[in-house]
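Which chain is which? They are A, B and C, in the order written, and residues in each are numbered from 1.
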Amino acid sequence: MGSFADSVASALQLVLGADARLLHIVTLSLAVSGSACLAAALIGIPGGAALATFRFPGQRVLLLVVHTLLALPSVVVGLVVYLMLSRAGPLGAWGILFTPTAMVIAQTILVLPVVAALTRQLVADALHGNGEQLRSMGATPMSTALLLLVHERASLATLLLTAFGRAVSEVGAVMIVGGNIDGVTRVMTTAIALETSKGDLPLALGLGLVLLGVVGLINLAIAVLRRSPRPAARRA
Amino acid sequence: MNTPLVELQDCAVRFGDTQALAPLRLQLRRGECVALVGSNGSGKTTLLRLLHGQLQSHTTQGRRQAAPGMAQAMVYQRPFVLRLSVWRNLMVALWLAGVPRPQRAERALQALQRVGLAAQRDRAGRALSVGQQQRLALARAWAVRPQLLFLDEPTASLDPAARREVEALIGEFAGEGMTVVISTHNLGQAKRLAQRVLCLDGGQVVADLPVARFFEGPLPEAAARFVKGELP
Amino acid sequence: MKLSSASKLAVLGLLLGALLCPALAQERFIVMASTTSTEQSGLFGHLLPAFKAASGIEVRVVAQGTGQALDMGRRGDADVLFVHDQAAEEKFVADGWGLKRSPVMYNDFVLIGPKADPAGVKGSDIVAAMAKLAAGRFEFISRGDRSGTHAAELRFWKAAGIDTPAGSVPGYKECGCGMGPALNIAASANAYVLADRGTWLSFRNRADLGVLVEGDKRLFNQYGVIVVNPAKHPHVKKEQAQAFADWVLSPAGQAAIASYRIGGEQLFFPNARP
């Protein structure tokens, strides 16, 4: 396992060296995946909640589709988005292929089913047995959805962390629509893929450790933030 | 002036193959306090929901007529308290009931004072004891100023002390002129609170009598069986 | 809860800012489709900053196999191509997708294999080597990805009398991957593989492999630069792409190519026609 020791050494060197390129790669990873999760949350959380509280024709089919899309391979999403954004494709005029914007779009598509399906399950579970009480108080499907989302906000946070994990760890979609362009669209995962293919395995693993470390720090920050304003939370 | 608050005509309910409620007619008068008694599965909760209007009759000719513009509220055996403060829970109830924003704070405060929870207003709703949560549910109901209050086994999950507190509040609400319908399998509670007792068995109303008359007897056979079973 | 939401949003805002920065600095750039072997050799890290200093134009490299790079040109997703498969490049221009193909530089291919060399191919005759590899069960890793290297490899098999190595050579394995991954597989399988010298020189995971065949004139690997035809794709940044092509063919560009070294060794040899 000498190569593992090399990787840890690599990781430390990278972090301590505060390499400007590494910093850019890390911030870009966080920005792309963070934006994708935000976009997916804005669509998927209300969408998932509505799927649980409203009744409409075709609902079961839609749910089936959402659940199937949970298994979308990231490389397939990348390919489809690439074909859409390519100059030869329908949205080529937008000219956003090989930019971070394209990467955000691809990751949003990837992560949206996760957010929607899990939100739906969350709200449906909360609805079970309690939906009637809310209805008796005068709640509509819309207000029920809203109230249950607030009620289950702690679980929603975990849900979003899950979605973020899925986004920040994927390489297939961002590689294809981003092109892994040095200084422009290179993110942690594509950088790791590149170093692996160049045979520099310790460096690749080192970058992997840096990625895990950064995500770990984010989780720590969130945990600390959630713990501190406890009295405020009570008042909420 | 003597028009019934709620009138059910030829209403019946089926769940799959089971007849939960046989066709019946029923009138609720203003200011009444009615207890629905019967064993589990006798149809008490179904009748309650039918009277409230959240359940529709499954017969084509079944109708529910209610006095226009009547406000009503329902309290359940296990109240659903949101993961918010006591205060916020109340504000949500007022919002759902369509109370205009400027009036909400005052009504919420009055309701909390009415049930004795004003000091708990900033605590997390779910941190309250079960008895306190049920009083919160009563506050939520009282805040919307219902003419008609339904309660589905409201004290079945409470210890005796909490039960007494909740019963006292219900009695006070009834005394203030609220029409109350309470389903219970606690005959003592029916005796303490109600003026009129409906006994159900297997989806049928087997007795509909003033409370004194109900407890003196003699009762129709099915009702008598129930009462015997309930008494020690 | 409200407090932490606000600070979370603030952090998100900062990150989004980081996201937008590159997008804002996008005034002068072109997209160049090139090959993984060229990128992984590190040449672009050396060459492109020099071009940017001279012209102010940023070159964004998307590296894939030559086949995919040409496809990118056909789709109009690149402004200029920098690849190494002369026949395919000439067809690209003949079909009207590119303006003109100009030779830029060459390097050479080398046959890599286990230092023990069980097939006995060591020497300077690539065709003889391929024939020996076909004669017995020797592990050979092919990129199988329509790259310039793959095209060259197939030419050598053909010259040795084997039209489709996939069926006829016993130890033949196709990975459909880039040069680096192919070398990784060869390293762990102790197999033979055809590689360009540039990637080999910068490859770190050599295990027990070494250069076995080199110096054969047929191992000469010519690179060409092509500007994508704006007649087919009007949005192509023709002036800037042409500026790059002109520069890389100019004495300044050619000198920059020649000055790129790994461990003191020159990788690419400029050979633009004046």
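Quick note on the criterion: a contact is a pair of C-beta atoms (placed from the backbone, for glycine too) under 8 Å apart; a residue touches a chain by one contact, two chains touch by 3 or more.
Since the structure is predicted, the reported quantities are computational estimates derived from the model, not experimental observations.
Chains touching both subunit A and subunit B: none.
When each chain is reduced to the average of its Cα atoms, B sits farthest from subunit A. Chain A has the C-alpha centroid lying closest to the overall centroid of all protein C-alpha atoms shown.
One simple way to say how far apart two chains are is to compare their mean CA positions; for subunit A and subunit B this gives 47 Å. Subunit B and subunit C have centres, each the mean of its CA atoms, that are 78 Å apart.
Mean C-alpha position of subunit A lies 32 Å from that of subunit C. In subunit A, the residues that touch at least two other chains are 153, 236.
Subunit B meets subunit A in the complex at residues 52, 54, 73-74, 76, 79-80, 82-85, 88, 92-93, 95-98, 122-124, 140.
Those residues of subunit A that touch subunit B in the shared complex are 130, 132-139, 143, 147, 150-154, 234-236.
Interface residues of subunit C facing subunit A in the complex, by the touch rule stated above, are 1-4, 7-8, 12, 15-16, 18-19, 22-23, 26, 31, 36, 40, 44-45, 60-63, 74-77, 177-181, 183-184, 187, 202-206, 233, 235. For subunit A in complex with subunit C, the residues that touch the partner chain are 27-28, 30-32, 34-35, 38, 86-89, 92, 95, 97-101, 104, 153, 179-184, 194, 196-201, 222, 225-226, 228-229, 232-233, 236.
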